[in-house]
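In the two complexes below, chain A is the common chain; its partner is chain B in one and chain C in the other.
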Partner chain A sequence: MFGEMSVLASVMDILIPGSGSGKAIMAAVLLGAGCGLLGCFVVLRRVALMGDAVSHAVLPGVVAGLIYSSERSPGIIFLFAAVAGLLGAGLVRLMMMSTRLKSDAALGIVLATFFAFGIMWQSRNQQDTVGVMNFLFGNIGSIDASDLRMMLVTTSILVVTMFFLRRPLLLLSFDEGFSRGLGYPVKILNGVFYFLLTFSVVVALQAVGVVLVSAMLITPAAAAYLLTDRFERMMILSVVFGVVSGITGGLVSAEVNGLPTGPVIAISATVLFGVIYLFAPRHGVLSKVMRTLRRRMRVRRENTLKAIYQIHEGEGFAHEEVSVLMLARKRGQTEENVSKDCKALLSRGFIEMAEDGVSLHLSRLGWKRAMEIVRNHRLWELYLTNEADYAEDHVHEDAEKIEHILEPGIVRQLEQHLDFPELDPHGKPIPQPAHLVAQSTVTI
Partner chain B sequence: MSTLEYITLPWEVLGVGALWLILMAFFVALPCSQMGSFLILRRMALTGDAISHSVFPGVVIAFFITGDLASPWLIVGAGLAGLASTVIIELIHKWTRVKQDAATGISFTALFALGVVLMEVLLGKNVDLDLECVLHGRLGLLLEEDQVALFGMLVPVPVLVMAGVSAFTMLLMGLFCRVMMLSSFDADLAASYGYRPAVIHYSMMFVVSFIVVAAFQAVGAILVIALLILPGAAAYLCTYRLKVMLMIAALHALLSAVGGLYLHVWFNSNMAASVVVSGGVLFLLAWLLGPVDGVVWKWLKAEHSALEESSDEDGNS
Partner chain C sequence: MNDEQEPALETHDLTVTYHKRPVLYGIDVAVPQGSLVGIVGPNGAGKSTFIKSVMGVVPSSGGWVKVFGKPMRENLHRVGYVPQRESVDWDFPVTVMDVALMGTYGGLGLLRRPGKAEKLRASEALDKVGMLPYSNRQIGNLSGGQQQRVFLARALAQDSDLYLMDEPFVGVDAATEAAIVTLLREMRERGKTVMVVHHDLQSAGEYFDHLLLLNMRLVAFGAVQDVYTPELLQKTYGGRLTILSEVADQAAKL
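And then the complex of A and B:
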């Protein structure tokens, strides 16, 4: 037994690098792994502020550890800190269960009172707690081999537990009732979750500091959440972001004299988040804006096509050409705007312009799309009046929106459901794009 | 030492200074307790937390420009930083699928971190505003501050300033108490009377930022949140009536100031933290013995009804 322990210890010693920067990098990796993994659950469970409360609540534990361990043994500090954090989390739950206070007040009370108690205790034992600033605002440079050993053990426990419990914990994050129904011991799992949360806070303590640990819990995981829909990938990305911001923060704060590590790590994590917030492929802001703009342009094009069709329809399909002026009058817009729309349609092959540049006609593709839009519109109007008991004069607005997004499958269902109608509620014929082949041979 | 000596100790050690310390702590805690009560009712306790962290960079920049901790520009800077944090929260949770709690966490940790870095980079080792001040506040240094003569007594300047802030806040409360009450309980009804919810919300946030900045120097950035939440929460456990709640909150502020002074002297500990700890103890008392939500009464009642039930069963059988 003791032999195994010493083998384990020597394996750990091999893992721990000798140089100062090596130690800092390893601390950053452990920090990223611990907080990054647990942060995913924190973000998904919407308990971000619980993380904040637990991280502030560990302060009295840190102070106790500094006072009661003569040579600042990391094991004792971590033990006391974990106990204080768990006590804080427990008090929050107890307060919410036994009073009318809501979670926000309970979290705030525990956060502030524990923190104040820690500060008060520390202020009367200043000579014993010289290193407390390292725990408050973080100092990655102060982490030595024994701290690293402690972080390694804690992170290993965390990672292994997370690996075995990831499915039940994930289920619990999404639907507590359902996981209870499946027979999971929800209370125990919740306990384990807060246990792990406290552990991850404790791992990050010396690098980031009590005040800003919650940034490491929230920001990398939130950034990962914007990049993927798969939980495993989110965990990996979150760890990577945590490690990257940990290393960046460590390096920068080592360069600038007197700059605590925690704030720099928090800022690098936020910068990473900011970049991903803007540029993430699906959930990023820019891609969302682009999507909205593109959809708006498409709707505009389709409305122009529809207007051309309606002009033809109004003339009983007697002429083949439509002039820009007519189109502008129909759309109620200036000629310049409409000719811009026409250019967009032209470049997509929906229309063909005559040489004079003022008259145009629909291409086959244009006819097909225009008929589809008009058909969607009229089918939907019919559906609303017949099936949903809308008044005839109330259906237009709705159809105006849905005509652009109805899929072929739904259109087919609508047609079947309405028994292949030929007229809409206003008595206008519903075009049949499927008959276009026959029609086009007649017109051309 | 006898009990009496414990009680008279602060007055012997500090003399009239003890009075200034109590008054200062009370004048800091009083406005916080009143606004905090509304934060509790509106379930915005953590907004107070977020504001108290995020005003920090604004304070640092304003201090860097003016070089004066008493400058009114600090309030402007703090107000802008507080506004920035609400804007960032909105930008994140309106535009992405990140929820409000995580957005709040991202925003205020980022701003607080920015504040610390700016402070170290811009101010260096400034004696007036450093990490110690952010954590501990300058309440304990009160007796070393400048003093002015008033009615034949030497009064520390910060006490007068905070008395002004307190009076101003209480005046605001007197004027707008009904409006805030109405909008806290029924925002729609308030809106139908013409009190726009957004206006009330942002004015409240502004007043909270103002109070936070005023209290910031005395108790530091993190302990402010305790002064905001604890009195209101303790009072909430004691009554169902808003007016009574506000009064109990004010009483809580006074008692924690007095209790804080005793803890400070007895344990030779940091004054600001002592005030918060004594406030925490008072909250604990309210939690256990509060007339409305006291756990002890609930427990006794449960015991009592269990006894009655069992005696009923005995009678039936």
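And then the complex of A and C:
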């Protein structure tokens, strides 16, 4: 038994680097991996506050560990901290079950009480708890070989358990009712989850500190969630973000005198999150703004095309050309603005401009798109009046929006449904872009 | 297995209490195998609570549940459950295929991962509800009707004998509603027993062959032609038994 233990210990000692910065980096990797993995579930199950409560609740355990282990043994500190964290989580559940309090209130009470108790206990035993600041605000430099050994064991347990239980835990997080229906031991799985959560908090404790551990649980996972729709990828990204912010924070706080590690790690994670929040390809803010802008520009172009068509229609399609001035009047806009719109249409090949720069005509592509928009508008008006019993004078506004988003499939359905109508409710003809193509092939 | 005569579902004196307030009193019902049952009743009648308590999602405070003649726990693998669509977060980072695969997890235990056979079953189930082309979509990018189809596919992949469905018709388009009805009838043809919480009394008479009329207690259970009567419907929808619920409230507080 002891022989095996010492073999294990020596294997671990090979893994543990000798230099101080090497130790710091390894600690960052371990805490990033642990918190990153658990964080995915914390974010998806919306129990972010629970992570915060557990991390604050471990403080009395840390204080007890410092007082009752003569050589500041990481094993003892870990044990007490984990017990305190689990006790806190258990109390939260007990309060929720026995009263009508919801989780947020119960969490708030437990978090504050445990933390206050820890601080009080610590200030009464200042000599025995010299290193407590490291646990409060984090100090990656204070992590020594025996701490690392503890972190290594804990993180390994955590990663292995997560690997084997990821599918049931995912299903439980997604649909608890269904997983009960499958006969999953829901209570045990939830218990395992809170065990692992406490483990990950304790692993990160010495590097990040009690107050900010929850940042490591939430921020990297939240950033990963904005980047992907696949759970496996989310876990990998979350671990990577956790590790990167851990290393960055560790290095920066080692370089700059007087900066505690925890806050720097938390801020690094937030910077990473901020970049992703802005620039994530699908769920990022910038891409959403860009999508809205692009859609607005397209609507504007299409409205200009429609106006050109309507001018032609008003003249009985007698003239080839339309002038910018006519278009400006029709659109109710300045000539300058309309000129800009025309440039956009020109660059996309919807219109051709005459050399004078004031008259223009639709290209074949332009005719097709203009007819489609006008057709969409009038089809939709007809559909609303015929099928949805809208009054004739109420349909225009709605059609102004819908005309830009009707997909070809729905247009076909509408046409079939309305039996290929020729006139809209106001008696105007519904254009047939398909005929245009047919005619043009004949002329060629 | 000689359980052909056993009811697919039998409950005896099933009672459920929520926050010390009883919501279902003493439900006694025996559902014959191969029936397509609509569970109907007014809002707050305990329709969802009934199937949740049968599934053990909501703890019951009294009575027992048997499935194919055995306690629920022993026959859980023969029961498929379709929760309400609103009960899950559709922003969850899983694909349509992932959700369908969840239906096969029951036979796998906690640790085994789904293999080829499971993936085939999930694909077939998705195909059945017309969602196979969407396999790789994240579930948030689906319409309400499509989401419901995915939930049904997950249940089909379970390949159970008794199905309990919570409001599968809520928030779905007409095409999906028709597709679900066809699917339910097909399941009955294959000998499955299906129980569906349904909120629309009008269509209940034509969709199902049995009705379970519920209003905090069992009003009636039987073939549609026997229980779809003005008197029984009036009894179901004609308000609570006020004294019963008041006294039960008082008793629960003791």
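To be clear about the criterion, the second predicted complex is superposed on the first by the 432 of 444 C-alpha atoms of A that agree within 3 Å, B and C clash if a C-alpha of one lies under 4 Å from a C-alpha of the other, contacts with A are read in each partner's own complex, and residues count from 1 in each chain.
The working rule: a residue touches a chain if its C-beta (ideal position, glycine included) is under 8 Å from a C-beta of that chain, and two chains touch if they have at least 3 such contacts.
All values derive from a computational prediction rather than experimental measurement.
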Q | chain B versus chain C, judged by how many residues of chain A each one touches | A | B
Q. Is A:Phe350 in contact with chain B, with chain C, with both, or with neither (first, second, both, neither)?
A. neither
Q) Who does A:Tyr383 touch here: chain B (first), chain C (second), both, or neither? A) neither
(Q) In the overlaid three-chain picture, which partner chain does A:Tyr225 touch, first (chain B) or second (chain C), both, or neither? (A) both
Q. With the two structures laid over each other on chain A, which partner does A:Phe241 touch: chain B (first), chain C (second), both, or neither?
A. neither
Q: Considering only touches as defined above, state whether A:Phe135 meets chain B (first), chain C (second), both or neither.
A: neither
Q: Classify the contacts of A:Phe193 with the two partner chains as first (chain B alone), second (chain C alone), both, or neither.
A: neither
Q) Which holds for A:Ala112: it touches chain B only (first), chain C only (second), both, or neither? A) first
Q) If you stack the two complexes on chain A, which partner ends up touching A:Phe78: first (chain B), second (chain C), both, or neither? A) neither
(Q) So in the superposed three-chain picture, is A:Trp367 touching just chain B, just chain C, both, or none of them (first/second/both/neither)? (A) neither
Q: Using the superposition described at the top, list the residues of chain A that contact chain B and also contact chain C.
A: 100, 225
Q) Can you list the residues on chain A that touch chain C in the complex? A) 44, 100, 164-165, 167-168, 170-171, 173-178, 180-185, 225, 228-231, 234
Q | In the complex with chain B, residue positions of chain A that touch it | A | 42-43, 46-49, 51-52, 56, 95, 98-102, 104-105, 107-109, 111-113, 115-117, 119-124, 133, 136-137, 211-212, 214-215, 217-219, 221-222, 225-226, 256, 258-260, 262-267, 270, 273, 277, 283-285, 288
Q: Enumerate the contact residues on chain B facing chain A in the complex.
A: 40, 43-46, 48-49, 92, 95-99, 101-106, 109-110, 112-117, 120-121, 124-125, 131, 135-136, 222-223, 225-226, 228-230, 232-233, 236-237, 263, 267-270, 272-274, 276-277, 279-280, 283, 287, 292-293, 295, 298
**Q.** Residue ranges of chain C in contact with chain A within the complex
**A.** 19, 52, 55-57, 73, 76-77, 79-81, 83, 87-89, 92-95, 98-99, 102, 105-106, 110-111, 113, 138, 140, 154
